């Protein structure tokens, strides 16, 4: 069964691995990503970013309905993944940085819905 | 001699404005000495006003916050009673001393619908104003003056919605006296509207002042943050002022011709910059912050002694971010709980929510860059090889903190 | 004044029976002060009789037990020699001081078929009565008086099959004098028949007296054990008596109308209650325990100073359990090895074995509830916020221990 | 090959995961169990508890033969698991308790046979 609305079907395979419900899970996906993962995600999302956000903007941020959640979570994952393309040369770490696993997000395990 | 003084004045315009702080190097020992760390518990952290909660975290009567304070070997309950008044108490039952509420997390929020707090050990119950309300099997205690067995109160005061505590028996100054010129300087911004708090924390293996000092200057920015914020290669760190043990300053970033934001940041940041709610609100800044109303204002950059930073950007620095805070909680001479929090106004649309996640992630990543030096710095300093460290003019806030640290410590 | 005294007498019938213990609050410092902890090693643990083994653990000649005693920076070998006599020795070779037997475990059992103990370092060999028997390459030592090089003896005595040691050069009292009225009070029960021992231990990050005191009163039971033993919501903690530094009491649980045991406990516990071997044997209790022969007797609940609890239920409290013991072994001011052991008569059938596992698991779970407060209590007390703690009447055994602690410490 | 005597074949799948030889292993299974695990175990065992114990009682407790060991271990696991149903609302921890992993059973690694 498709995760995303039909007009975003080209993002379906990305949603399968990136559309995770918590920031911590999305971060773990990001830390495990390779350069090609970032490139594939970025190249597919950037052209449709406005459409994706317009689609989601029909809902309230605290009240996104179940069927739209994967797209919402995909957008959140992209908001965090894009800097790896735009700034970090598709590396899964921030260059010359502290161990990202040691940063604990207070909200990290709260589900985005 | 006059020529030398002139030369220093030219090289160090801010520093020379505060002659009592000197221009020489700082001693390293306070950052590494375990005995001084033990003294810091008593002379700094049990004497200063410490920021522990935002008023909105305790919005309703019955709301409480638990804050572990390892540096004072205690944890604190900050609670709003049924009349709306906020109190702070040691998290300790006055019967046999168990923690009233378990405190596995360094900070956590809770709510008591009954406006009472009950100890898990023998079910003693306290009102949220601290009074001992109920003792299981009270008839088996003799001579019990319940009025003396209330929760152990801690001084507590609120300024601009920031709730501070003071562990001293009798604080030397009220909170506003303590805050000195900072109280006015930062007053009036609608901090209470920024209710979306995204907090990160980690335990750094370094002294708390190594972390604090690293976050007290912008000299490092072009080097450390060239990954995440290449736009900060040239910034202006200015308007440095000291108010007693506290200090503040402004950060401006003149635009770099030809440097465009990257596409996703342009898109998402742009959405915040053009939303009425999240756009730059320079007009809301207190009047002495960004006094010339410069459009390239990034954020006001202060140090509240001893361990609180309140960076006020009003949406003009990082897209959409109202303000961000840091705290540095000593755990041991070589261990510090750092907490960094980004404060946003709540998103009204999903796209704003996504854009906030983007700004937040960039800033979190910048913190990963900041924290990358601290354990190295501490290890190197702990070697004892370096007895002193030299400071440039814009590292003045470190100089001020260090000076007042000595005053508090009486050494 | 007389009215106040009357009021105390009514509120605290047990406490007022021991006027020398007072009725006021107790000082907290003995539970948290590192310097007092160092003194405790000398003045309490090297002066008191300490329970270290059951006689059945050393049933045969050649059987030995190794007991680490961190509080005295030593470990002890308790061994039955070829004539059946029990000795205790420091676990240290008199040659160069190596541990004769490695002691990774806090306690362990062993057997020597040759009735000798040989050091792993240079193979010096000792008889189980402590005499130095053989020295490898003895001819290469000059002037060696073997009779002066036996194992270092520790005073050791047995009471009702409980083997105690005393580390003092010359104990002030014999074991039976030391046990005072407890020696008679607990005498005569066939402890030796309960040879199935199921022991749990953990290192608690708290002072040993925080753990001991938590296990010295039943006031906490309705709160802490409502999960595992909802039937204990109402219990009677009575017959509290002090014998020198020791104290004892009885726990009764009047049946709660309508509260039935849960199905599995009814089935498995019922099997033990109806087996002749495991059923309640109130008739075996010493005469001053459960003196009125009440059917709702749960267990006798004592504190043997300084660190031993011997709870005697005779199968009437927890189904099938003859007795259970606790010990609290100090490791540091803030670290305590706790050991809890359930003692059953051996099962004769598989279903009895399964039922014993069930009783044991429930009681182990109750201990998980007990130990949940101790680290919190210690952390809260260590803050120094609370200088005193108040006690209700049935916390009298704590009061007695605390008073005699001061006497031993000379402070 | 079946682990249990034929008359207890309905417990076979439970035996596969619960019939472990030491208290420590059974505890680890218990700590990892979810509410449904406890429910399934309890609902299957309780009705036949008497039959299981009667069957086992043909042996000496120290001399249970190899073929009966899985049933014996299943009964021991049940003796420890049942309180989670009867008292702890099918949670895998005792409510408000110390960390069970920190309790060391002196006998925890001894095989029951």
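Here the chain labels run A, B, C and D in written order, and each chain numbers its own residues starting at 1.
Please note the rule applied: a residue touches a chain if its C-beta (ideal position, glycine included) is under 8 Å from a C-beta of that chain, and two chains touch if they have at least 3 such contacts.
In this text, all values refer to a predicted model and were calculated from it rather than measured experimentally.
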Magnitude of the superposing rotation for subunit A and subunit D (Cα, nearest 5°): 115
Distance between chain centroids, defined by C-alpha means - subunit B, subunit D (Å): 52
Subunit A and subunit D: spacing of chain centres that average the CA atoms, whole Å: 44
Computed distance of Cα centres, subunit C from subunit A, in Å: 58
Distance between chain centroids, defined by C-alpha means - subunit C, subunit D (Å): 30
Junction residues of subunit B - those touching two or more other chains: 120
Touching two or more other chains - residue numbers and ranges from subunit A: none
Pairwise touch network: line, ring, star, complete, or other: line
Pairs of chains, among all present, that meet the touch criterion: A-B, B-C, C-D
In the complex, subunit A residues that touch subunit B: 23, 42, 46, 49-50, 53-54, 56-57, 59-61, 64, 72, 75-76, 78-80, 82-83, 85-88, 94-98, 100, 102-107
Of all residues in subunit B, those that touch subunit A in their complex: 197-203, 224, 227-228, 230, 262-265, 267-268, 271, 347-355, 357-358, 361-362, 364-365, 367-372
Subunit B-touching residues of subunit C, taken from the complex the two chains share: 4, 7-8, 11-12, 15-16, 23-24, 28, 213-214, 219-220, 222-224, 372-373, 376-377, 379-386, 389-394
Residues on subunit B engaged by subunit C in the complex (per definition of touch): 72-75, 90-99, 102-103, 120-123, 136-137, 139-144, 149, 152
